Each structure stands twice: as structure tokens, then as C-alpha cells.
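Look at the two complexes coming up: subunit A is in both, with subunit B in one and subunit C in the other.
Now for the complex of A and B:
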């Protein structure tokens, strides 16, 4: 079937997106809809002495003003990993931008004006607005550690909170001291990674309508079922009384994972007894979630011939005032820290740290993006000292399929050596370089898939068209197209006869989440299985209709064929029900138990993170120009190669932004570049001269047809490649982003060292 | 009734005329009213999206007398006696505009949030420069951000549309 897997079917949502017909949450209209606005703290850390909302409440057009006193009938704390966050600040604020009150009014201007009439008396508290301050002995405490409760989806073992450290995680193998004793080359360095804004172009938008003892929520959320669970717990409702509907998302990249603006919007609608919309502006989105800034110390040991033997890593991630997904980010960073090499011993100690900054959560390829450029720059440094080529040192040391990545985890399920060779080929590795030009590559792994719990339903309707009910969120990655293709393959049905509506927890069945590159593999497996059930029913009905054995029937192009005789699916369903109505239903499920425990050890698969770059340095200004970017999509089997390439391009460009200029700059907890005027993301003029993406299909993934997920790896691979390409020109940096100023400084230092004859000072 | 809250803003109501997607219309507006809110909330034309609010991202782009403007930073009043084109007015009935068609074929979109603005800016470019170089496209689209695609497919779609529009123009010219 030409529209099943492996084909470049055009996106099923493309037409609606080029005509403006595609509906996003902010495009919805409800009768009686109120506009909600949120009052946010101007202080990084302060006690709330008094809030007076009288003047705001009496402003004509204002329907409700919400503060924490309206939440006394519920347990107002949420947080999927640690239940540390009140729905609105209670008694104290912990970051600049923390919501402490909200207003619902007939229009946005009135709501905004009402915010200015709320009087708040603060008492300044000492703040810990950096990792260093938060980790110091006399640091102000963000939370009392004995009050920290695990969230609904914690799943990370003991919290082990300590001071401002809310979670710690360590992994190790072998005797570290002994391994370092054997090392003949040792590289040791400290590194800094900046806070980064995901910038999904559609800021978080939520509409909530409270009706009796239930609530309907339209939300720009990636994980409707996890949001449903948290809302049900917060407002003490059965899960089925919380209905989450997810229109198209204007980008996610992790920024819309887990619960964000939904609790405030629901609380406001509950009080107002009318539907309320809260639409974040970009400056509000920036204080809703971001990527963790990080400090890291790494030490790598090798033998004189470049054999890697030992690595020791300590890392501290700034999760801001509330944990959000910080613990998972820290655990994933720990998984990524050793890098995919055959170590005698490694040890990683990773800490998730509260600070008086806005909360940090998921952003595409979290953990791997943080660590890969660090680990890979040390591998390149060892290669330089050992006199080994960077490609050769990787071939020499990379894990092979089936080898252990970390103790207790899934063995390697990818051909990393092949992937690295593809990068090298695309970069013309070893060919002469123009002046001031360097080449670099990076390879790593990202623990992907999250929890393997997904379900799907396929309905074959009376007219022979199919509807695929699956709760994966379409946020641009093309999931509705991919699910259509998977169903098309099993049902032997043209794509235009398949419909994949958006997620709606009253209708589309449970899917754990849309993230961690899991949808094609896991929700796709559920769709595949559901479609197979329908396929089986069609075959059985056809075998009765044709009065032949099942094996004599072929399904093709929306019909069952026996030789040159055919019955359309519509005719088969009518035959089955003896009526011009009825439908066939197939269900599919993925669970760790249902897969003989093969997913239980985690991760579901190791996502390959490889990238290559060729960069040109302007020695006068420190400016880098990217002449070539390369990615390899090691995806097992591509359902739609064009969509895979599109993911690679997008992730690579985000990687370029993370590497070269993206950084949220804070001063005493206040963001200094809090709008798009000052926070620069890549534009058309930042594009590399050339982009090459190679597809690897070794059918080594756990999904149907050997599929494994994609879409994140290049974001971790690209910064590592750019950092190494710059080092190839002789400039080593230990802090991202690679701003011209920082590169120029590093260049001057490198030149000064060179003038000193290279002797260490 | 005098509404205290609106005093600052509702000091006057203004009658304006304009053409929106080929239809002339009159409206009573408030001086402070932004074109983006007017299009989205009052006319139900939600193709133009709100994102950065500071005229950087281009997702609210509409064409005013053929030139791209950021509707988030334009007063409705500025559209007085002007002709507006939004994404909803670009296709000819069911037949997509060549730019829309090439965006579909090249998968030059992912989440689609920036797409209406991107296509309208590209439309203005091709009116001005029918056969742009890649650098000209990059320069012209600099004010339309996209976080999903990395822009390659967008550039290819614009180039494809340019070729088609030129071929169309030539065949019309020779007819």
C-alpha cells in the first residue's frame, strides 16, 4: 500500500494549517467566556503580608478575583514529581513571576486593569537566586524538606531532599579510584550550561468550564491524561469528571508537558461559575517553564592510546522554585553523563536544586543536551593528547549493540559506530579545511520513551472509513499523519479514508504522554494493534461472506478480495450487521506487563543523539558561522522519511540556537531578556549554509516494524558538534552559549597560551 | 451608563471603512483597538495568531495594501480606507493559492502556528520580487520566526511557488 509505512505521505493537517482553518486553543469561542489574568510576584522571595482585592473586585466588568483563600476547601498543592507547588502562592512567593492572584473579567483590558488594583504587601526575604547561593551553607531554604511529598507520577525512588537539593540521583559502575589510577591521560574541567526558553510560538493557553461537579478543559497541553489526573486530585473529582480536550498545539518541545496553567484556570472558572480563558503572553510563558541551567564538573581518564577507562561527573541543575520535571531531567542527565563508551568505571552524582528562579522543566532532549557537549569535548581533548583522530577514538571506544549502557538498564539497541561513520562521511572528514574552519562531531544517548503505557481504538465506520482514537497530541511533529499511515498499513485503506481527531479524554483512550520521542513507537504500537484487530474482523467477515478460508482473502484498497471478486469494507460491515449501520471496533494496548517485561527495565529505547558541524571562525569578532550541519536519524524504520527529516532539521536548528546564542539572563532572580525583543531564537538568517540528514533504518527499535522514536537527538548532537568544531580551530570553551564575546575571549586566551610556548601557567 | 474602567480607553468611538479579504466593510471601533484583536475577536478571522506581542515573531502578519504588517502592533484605525488580506482570503474558494499549495507539498510547516504569517509575508515578497534568490528569501522572511521547521522546507516551498507563479505568468502572457 503506497500510503502505509515508509512513504512520504503529505501531512494530513497541512491543508487546514495553510488556510488558517486549523483550530488552536486560543481560537475557540464559548458563550459567556471570561478572560483571566494572573497577578505575578515582582520579588524573588518574599512573605505575603496582606492581599487586598476589594478595589479589583468592585471594578465593573470583573466577575471574580481569586487568591489562595479561595482554595481552603481543597489540598491546593500539585506537582507530578514533587507535590511542592501551591496553585497560587500561599503566604510567600518564591520567584519573580509566581502567580499569587488571578482575575476573571468580561474582557482582557478590564482583567488587566483589575490586576493593578490588587494591593499586596510583601516582606522581602533573603533569596537564593543562583545555584551557588542555593547550595551555600547559610542559604535561605526554598521549602521545608520534611513537607515535600512525592507527586502522582514521581517514579524516581527516594527523594533524599537535603537543604535546597530536592532530589539526588547517582549511578556508578566499577572501582572508580582503581580505574583512574590506571589512567595515563586525565582531562578535568568545570562547565556551565545556560537557562534556555523553549519558545513554543503559541504560549500556554487554557479554557476551563466548570459545570456542576465536573469540568471541561481545552488546553494546549502535551499530556492530557497526566493533567487530568492532577486536576482530578486537586479538585477532588473522579477522573472521568475532568474532560481535557486538546486542539492543535502551536509547538510544545516539552514546555507544555505536565500541568502548567490548567489549575489556576480551573480554580478561576470554579469560582466564577463561567468559562474562563487564560492565555499566557510570552513574558509569562518564560516564567512558566524553561530549560535548567546547570553547573557540571567532569573528569575523564584514558590510556595513552586513547582507550577510555573512567569518568566521574558531578552536576547541579537549577530547577527553580518548584521541582516541575526537574527530578526526571536530573535522572536523564545522569544517564547521559557517561556517554556511550565502554568504561571500566564511571560515577555520576546528580543534584536537583531549588533556587528563587522560575521553575525549570522539560525541553526537547533534556539531560542529553546538557551533558553531551561536555562529555564529547573531553573525548576530543583526550584524542588530541593521545594523537588519535576524533572519529577513530569513537570507533575504538563506542559501545556495540547489546552491550550494557548503564547498570540495570536496557542494553544498547543501536549501531553507533555506523552512525558516527555516516556523520564523518557527510562532513568529508579528513579532507582539507579552509582557513579558520573546524569540524566536529558528537555522539550520545538519550533515555527515551517514558512509561510504556498507551492505548488506542480504531473504529471502522459503516461507510468503510476509519477513525483512529489515540491521545497523542499533534504539536507539529506529525503524529496524526503517522498514526494515519500505521492504520492505513494494517487496514489496507487509503489515507484519505482515515481520520485522526485530536485528544479528548472523554473519547480518545489513555496515553501516558506525548514526549520523550515515544508516540510513534508506543502509541503507534497501540494503533497498530487496534488496527490489526479490525483487520482480523474484516477477514473473518469476508471469509463468511465469500465462504472461503481466511487465508484465501486479501485486503487491498478498502476492500476484501477473493481473486477478482471484491466486497468493500462498507459492504462487509453491512453484511455482518444485516443493516445499513454498525461499526467494527479494534483496541490496542501497550503495557510493560503485556510485553513480557522487556520494557520494565527502561528506557523503552535509547534515542541516538549524533550531530556533525563545520564552522568558520571570524577571528576579529569571535563570531561563528555554521557552514555545515549534519544529523543522523537512527530510527529503526521511518514511517514517513520526510517527517523524520523535518524533525531532524527543527531539532538541529534548536541545537544551533542553544549552542550559539540562546540564554535567559537573570539578575537577582529577575529575567533581563524576558521578551522576544531581547531573547533571540534562530531566524532564516541564522541558517547554516548546508544541512545534511542521513536516515538509518536497522529495524532495531521496540515499536511495530522495528520502529523507534526520533526528533530529539539532533538537539543534543548539534551543540556537541559545534563545540568540538570550535576546539578543532584551537578555541576551547567551557560555557554555553558561544556568544562572539565569549569565543573572542577564549580565542585571546588560546593565543596568549600559544605565545607562552603552550606551557601551562 | 458611564463605565469607570473604560474611561481611559473609550473616550471616543470611531467609524472606519476598510476592505477585508475583498469585502468592503464599516465598523465602529475604539481608538485603542488593536488590529489583531479586531480580526480575531470581532471578525472571527483567527488565522493571524498572537505570540510575541512586540513585532518580532511575525505570526500575526496580515497584508495591508499588499505590505506585511504585524497586527499585534497595529491599531485598527491605521487600516482606515485600506485593503487588508488575511490568510482566510488567500485561496480562491477551494483552490489553494500556489504558495499554500507549495507549503502543503513541501511539508513546509509543522505546528502551523507561524504558517499563515509566513505565507502572507512570502506572498508580499513574490509580488515585489517574482524570482527571488535564496538570500533574498532569507532576508525577507527574517521577521517570521518558526521554531519547528528550521526553515529549510519553507525556503523550498517559496522557491517552488515562485517557479509556478512565474510559469503561470508566462503562459498567461503568451496567451
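Now for the complex of A and C:
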């Protein structure tokens, strides 16, 4: 069937999106809807001495003003990994942009005006606005870490908090000291990775309607079921009394994973007794969540022939004032740190650090993006010192399928050598290079899949059309199209007879989350199984109707066939119920099965992160021009190759932004480039001259048909490739992004060193 | 967020000027709105009254003067208009070339040359170009009209010589002489340029008769690199010391450290861009001489 898996079916939501019919949260109109605005702290760290809301509350058009005193009947702390965050600041603010009050008014202008009438008296506190400050001995403490409570979904074992460190994680194998003793080449360096903004075109938007003992929330969130659990706990409601509805999302990239603006909106609606809408602006979205900036020290040892034997890594990630997803980001970074090589020994010590900056959370390929460029630049440096080609050193040292990646975790489930060879091939590796041009590649792994818990329902209605109920969020990645194709494959039903509505926790069944490249693999498996159940029922009904054995029946094009006789699905369902109504229901689930599905035993699969780049350097200005960008999508089996390629391109462009120019610049905890005029995101003008994406389908994934997830890997692979391509021209950098100025400085330093070396002294 | 405002739609420059005088600091001229609405949305300024000058006929005209010696540009001409106008392309191709690289498509489509100059944002391509070019600006109010050289119009960061009730009504660009060639270079990492350089060379019989070199975007306002100009004046085009001139321009440019980059780096950019612009202008001059 031409619309099942492996085909470039046009996106099922394309038409509605380009015509503007598609509904996003911000488009919804509810009667009596109020507009909420949030008052945010101008201080990185301060005590709140007094809040006076009288003038704001008496402004005509203002319905409610919310402060933490309205939360005294609930336990107002949330946080899925660490319950460290009050819904609104209580007694003290910990970052510039922290919400401390909110207003609901008849219109946005009034709400905004009311904010300016709220009087707040602060008492400035010493702040730790950088990692260095937060880690120093006399650092101001952000939280009483000894009393930190684990969140509902931390799932990472012991937190081990200490001072401003809210979580630490380490992995190791072998005898490190012994391995380094054997090393003949040792590379050691410190690195810096910047804070980055995820930039989804649609900023966080939430509408909440409080209805007595239940609440309905329309939210631009990636993980409706996790948000539901946190809201239920915060407001002390049974989970079924919290209904989360997720319309289309205008991009997520991790910025809408877990709970963000939902608690404030619900609290405001609860007080106002009317539905309330809060829509972040871009500058507010930037202080809602971001990517962790990081400091990292890495040491790699090898034998003279380039055999990699030992690696030691220490890394500190700035999770901001509240943990958000920091602990998991740190654990994933630790997993990515060794790189996919056959080490005798490695050790990684990773720390999640509180600072007085906006909180950091998930962003596509977190952890792997942070670490891969560092590890891979050390591999290239070793190759240079050993006189081995960068491709050869990887083939020599890369893990092979089935080999252990880290103790206790899943063995390698991908052909990395094949992937690297494809990159090299696409880059014309070894062919002569034009002047000031360099080539580089990077390979790594990302622990993907999160927890393998997903369910789905497929309903086949009386007219033979099917509805797939699955809670994966469509955020531009094409999940509704992919789920349609998976159902189409099993049901032998044309795509236009399949409907995949958005998530709604009253209707679509449980799915852990939409992230970690998991949906096609895990939610897709649930859909596949649910569709299979319906398929089985259709076969059974047809076998009764035709009075033949099941095996004699073929399902094709929305009908059951026995030879040239056919009964449509609609006819089969009517036959079954003896009535012109009724429906078939199939259910599917994915659970960890035998093991506990814990992070330590994970991941569900290792997502391959490979990238290649060819860059040209303008020595006068330090500007890099990307002539070629290459990615390999190692996906097991592509459900829709065009969608995979679009994912590769998107991730590559974000990787390019991370590598070349994206950086949130802070001064004393205040963002200096907090608008899109000053914060440059990749645009069409930043596209490489050539973009090549190679598809690898080895059917080696845990999903149906050997599918495994994609869409993140290139974001980690591309910065590594660009950094290595630049080093290939002779410029080594230890700090991202590679702004022209930074590259120019590195060039000047390299030249100065060169001059020194040449002088007779 | 945009707070409510009242919009006024005058039919003449006089009416507009009267409105501006009446509302004083509560009013702003509204042309394309690409700058104005941004600062209003960001809450950096609030004007209860906007005076929309797009309702005044004729302010977007682009034409050659009666004498045929200068290009007269209405302030409402958009970047797109100027990039595409056959008159501009024919008589001032360098302006069309620069306009084609200003900002992004959306800003070019609605942003006007008048708005660009009057806002006096320091990273302006046009301010740099017009300074080198020796353009003059006509300012009109209900009471008077005056003409200012571009060099006297921009006074500093977001600051011009325009009085609150004055409207920029025309930009006058003298046509370049036959033996004058120009080139323009810029470098950007963000929406707006980090460094801009405009160079005009008048070459006669292989000798540089005149040079006009402007450097912008690195400091609060564009400047003429007069020492570099003086160095080149009288040199032969073949033996011209462009690298030394670029060095002089770099030291004269007096850049400031900001989010775009350090003063050091901007000086390097001025050095590189100046040398490139001079080389290209001299190449063009040579080409024209050969043709002529």
C-alpha cells in the first residue's frame, strides 16, 4: 500500500497550516476569557519585603491579582525532577524574570498596565550569577539543598546535593590511573559552552478554566500527561479532574517539555473563577527555559598509534535558579561524554549547579550537543599527533554493534563505522581542498527514548474510517502524519480515512512524553499494536462473514477480500453488530516489560549523532562560511523519508546556530540580548551552500519494523563537525559559539604563537 | 505590547507639522513603522499620537531634478523602491546596490529612507553612504524650510538636527561625475551591520583627484576618515597606498565595545572593509576610464 511506511506521504496537517485553519492555543476563543500578565523580578537575587497590589486590583478591568499569599491552601512547589520551584516567588526571587505576581484582566493592555501598579519592595541579596560564583566557597546559597524534595519524575537515583550543586552523577569503567599511565599521547583542555535559547516560533501559551473541583487546560506543552500529574499534585486534585488539551504547537524543541506556564495560569483562573489566558512573549519565553551553559574539563589518552584508551571528564552545568530538567540533562551529558569508543577506562563526573540565572531545561539533543564537539575535537587532536587520518582513527576505535557503551546500559545498536564512512564519502574525504578550507566530522551517541511507557487506541467507526488516539504532540515534526502511516500500514486503509486528533487527556490515552526522539518508536509501537488489534478483529469478522479460515482473507484498500469478493470495513462492522452503528476498538501499549525501564538500564535506543562539515575561513574577519553540511539519519527504517530529511535539516540548522553564533549573553544575571533583534537565530541566509542527508535503514531499532528515533542527532553532530573542520585549517577553539570575532582572536593567537616559535630565542 | 494610540492622517506637510507642534513629545511621525512600532512594542517609548505621513501625496517620489544634476528622493521611498527604481539604477547604481542589502525583505518592503535617517540608529547603511556621497536633506515645517548637509543632520545616537515640528521632505543626491566611482562594504553578524564603509574616488588621468571615505556603524555616528582621504588625494591610482589609508581609517573610526563586538575587532573590520571598498572603487574607476 503506497501510504504505509516508507513513503513520502504529504503531511496530513500541511494544508490546514498553510491556510491558517490550524488551531494553536493562542487562537482559541472562550467566552469570558481573561488575559493574564506576569510580574517578573528585575533582580537576580533579592528578598521580597512587601508586595502591595491594592492599586493594581482597583484598576477598572482588573479581575484578579495573584501573589504567593493566594497559594497558602496548597503546597505551591513543583518541579518534575526536583520540587524546588514555587508557583510564584515566595519571600525571595532568584533570577531576573522570575514571576512573583500575576494579573487577570478583561484585556491585555489593562493587565499590563496593572502590572506597573503593583508595588514591590525588594532587598538586594548577594547573587551567584555565574558557575564560578555559584561554585565558590563563599557562594550565596540558592536553596537549602539538604531538604530538596525529589519531583514526580526525577527517576535518576540519588540526587547527592551539595551547596549549590543540586545533583551529581558519575559513570566510570576500569582503572583510570592505570590506563592513563599507558597513554603515549594525552590531550587535556578546558571548554566553555554557551547558554542558548530554543526559540520556538510560538512562545508558551496556556488557557486555564477552573470549574469547581476540576480544571481544563489548553496548553502548548509537549508532555500533557506529565503536566497533568504535576498540576493534579499542586492543586490537590485527582488526575482525572485535570484535563489537558494540546492543540498544534508552533515548535517545541524541548522548550515546552514538562511544566512551564501552566501552574500560574491555573492558579490565576482558580482565583478569578473565569478562564484565563497567558501568552509569553519571546523575551518572557527566554527567561522561562533555555539550554544549559556549561564548563567542562576533559582529558583523553591514547597509544602512539591512535588507539584510544582513557578519558576523564568533569563538567558543570548551569541549571539556573530552579532545576527544571537539569538533572536529566546532566546525566545525559555524562552518558555522551566518553563518546562511542572502545575505552580501557573512563570516568565522568557531572554536576548540576544552581545559579541566579533563568532556569535551564531541555533542548533538542541536550547533553550530546554539549559534549560531542569537545570529545571529538580531542579525538582529532590525537589523530593529528599520531599522524592518523580522522576517519581512520574513528574506524580503528569506534564501538561495534553489541558492544557495551557504558556499564549497565544498553549495548550499541547501530553501525557507527558505516555512518562515519557515509559522512566521509559525502564530504569527498581526502580529495584536494581549496585554500583556507577545512573538513571535519563528529560522531557520538545520545541516550534516547526516555521511559518506554506509551499507550494508544485505534477506533474504527461504522463508515470504516479510523481515528488514532495517541497523546504524542504535533509540534511540527510530523507526528500526526507518521501515526497515520503506521495505522494505514496495519489497517490497509487509505490515509485520508485516518484521523489523528491532538492530545486530550480526557480522550487520548497515556503517553509519557513527546521528546527524546521517542514518539515514532514508542508511541508508534503502541499505535501499531492498537491498529493490529483492529486488524485482527476485521479478519475475524470477515472469516465469519465469508465462512472461510482467517488465512484465506486479505485486507486491502479499506476492504476484506476473499478472491475477487470483497466486503468493505463498513460492511464488516455492520455485519458484526447487526446494526447500522457500532465500532471496533483496538488498544496498544508499550511498557518496559521485564526490566524496570530505569535510566540506569536505558536508554531505549542510542540515537546516532553524526555530522560532517566543510568550511571556508575568511582570515581577515574570522568569518566561517559553511560550504557543506552532512548528516546521516540512522533510523532503522524511515516511515516517511522526506520527514526524516526535514528533521535532519532542522536539527542541522540549529546545530549550526549553536556552533556559529547563538549565545544568551548575561551581565549580573540580566540578559543583554533578550530580543530577536539582538539574539541571532539561524535564518535562510545562514544555510550552507550544500546540505546532504544520507538515510541509513538497518532495521536495528526497538520500534515496529526496526524503527528507531531520529531528529536530534544532527544537532550534536554538526557543531562537532564544524569545530573539527576549523581545526583542520589550523584554528583550535575551546569556546562556542565560533563568532567571527572569537575565530579572529584565535587566529591572532595562533599567529602570535607561530611567530614566537619561529624566533631565535 | 502596543499600548493604544491615536493615529492622525494629515493631507499636507503643513498639517502634519501643525499636529506635531500641537502634541509635542506625545507625538511621533509614523512612516513604515519598522523602527517606531518596535520601540513602542518593547515599551521603550510611548506616543499617544502617531502622525501618519503616508497620507501626504508625493512624499514617495523619486525623480531627477529639472537641471538633471541631482536625484531627488522623497522620504517615503522604501528600500525596495530605491533598489528597484529604474531612475536610481541608472543614475545612482551604488545606492540601488546598497539598498538591496539593507536589513531583510520584510523591512525593505515597508521601511523608508526617511525613517532610516531620522531614527539615527547607529548601524545605518544609508547614513554612511550619504555622508560619503555629500547628500543634502530638506526639512520642512509649517513655518519654514531648510536644507542641511547629511554631515550636519546626524548628531549622535538616535539624535538628529531635526526640530520636533519638522518633517524630512526630501533627500538630494548630487549625481556623481563621470570620473567618480564608488564602492560600499559592510559586515554583519546580526540584523544590523557591525561596520560599514563607503568610498568614492574621483580619478582623472590616473590620479586620484578626490576621495570621500565614510565609516559607520562602529560608533555612535558615521564619520569621514579625513586623514585617509588626505593621504590618497593626489596619489596615482596604480601606486595608491590603500592599506595605509585603511589603517588611518581604522584609527580614526573610534569604535565602541558593544554586543556586536569589541572595539579592537571593529577596528580590524574597518581596516579590512576600507581596503576592500577602495580597491573595488579603484577597479571601477579604471573600468570606467577604459570604457570612456
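Assume the second predicted complex is superposed on the first by the 750 of 761 C-alpha atoms of A that agree within 3 Å, B and C clash if a C-alpha of one lies under 4 Å from a C-alpha of the other, contacts with A are read in each partner's own complex, and residues count from 1 in each chain.
Here, a contact is a pair of C-beta atoms (placed from the backbone, for glycine too) under 8 Å apart; a residue touches a chain by one contact, two chains touch by 3 or more.
Just so it is clear, the model here is predicted, and its values are computed rather than measured.
Q: Touch check for A:739: first (subunit B), second (subunit C), both, or neither?
A: second
Q: Taking the superposition on A as described, I'd like to know which of subunit B and subunit C A:677 touches: first, second, both or neither.
A: Both partners, subunit B and subunit C.
Q: One more residue to check, A:400. First (subunit B), second (subunit C), both or neither?
A: Once the two structures are laid over each other on A, A:400 reaches no partner at all.
Q: According to the stated criteria, A:200 is in contact with first (subunit B), second (subunit C), both, or neither; which is it?
A: A:200: touches subunit B, not subunit C.
Q: Thinking of the overlay built on chain A, is A:109 touched by subunit B (first), by subunit C (second), by both, or by neither?
A: It touches subunit B and subunit C both.
Q: Given the superposition on chain A, which partner contacts more residues in subunit A: subunit B or subunit C?
A: B
Q: Once the structures are superposed on A, label A:282 by its partner contacts, choosing first (subunit B), second (subunit C), both or neither.
A: First partner only, subunit B.
Q: According to the stated criteria, A:476 is in contact with first (subunit B), second (subunit C), both, or neither; which is it?
A: Touch status of A:476: first partner only.
Q: In the overlaid three-chain picture, which partner chain does A:665 touch, first (subunit B) or second (subunit C), both, or neither?
A: second
Q: Taking the stated contact definition, name every residue in subunit A that is touched by subunit B in one complex and by subunit C in the other, in rising order.
A: The overlap between the subunit B and subunit C interfaces on subunit A comprises residues 109, 113, 281, 675, 677, 683.
Q: Considering only the defined contacts, which subunit A positions touch subunit B in the complex?
A: Its residues touching subunit B are 10-11, 13-24, 26-27, 29, 59-61, 109-110, 113, 199-203, 248-253, 279, 281-282, 475-478, 642-643, 646, 649-650, 652-654, 675-677, 681-685, 687, 691.
Q: Any idea which subunit B residues touch subunit A in the complex?
A: Interface residues on the subunit B side: 3-6, 9, 40, 44-54, 56-57, 59, 86-88, 90-91, 96, 100, 103-105, 107, 109-116, 119, 137-139, 141-155.
Q: Can you check the complex and tell me which residues of subunit A touch subunit C?
A: Touching subunit C: residues 108-109, 112-113, 281, 620-621, 623, 661, 665, 672-673, 675, 677-678, 680, 683, 739-741, 744-745 of subunit A.
Q: Which subunit C residues qualify as touching subunit A in the complex?
A: 1, 3-4, 38, 42, 104, 187, 189-192, 259, 261-262, 265, 268-269, 272
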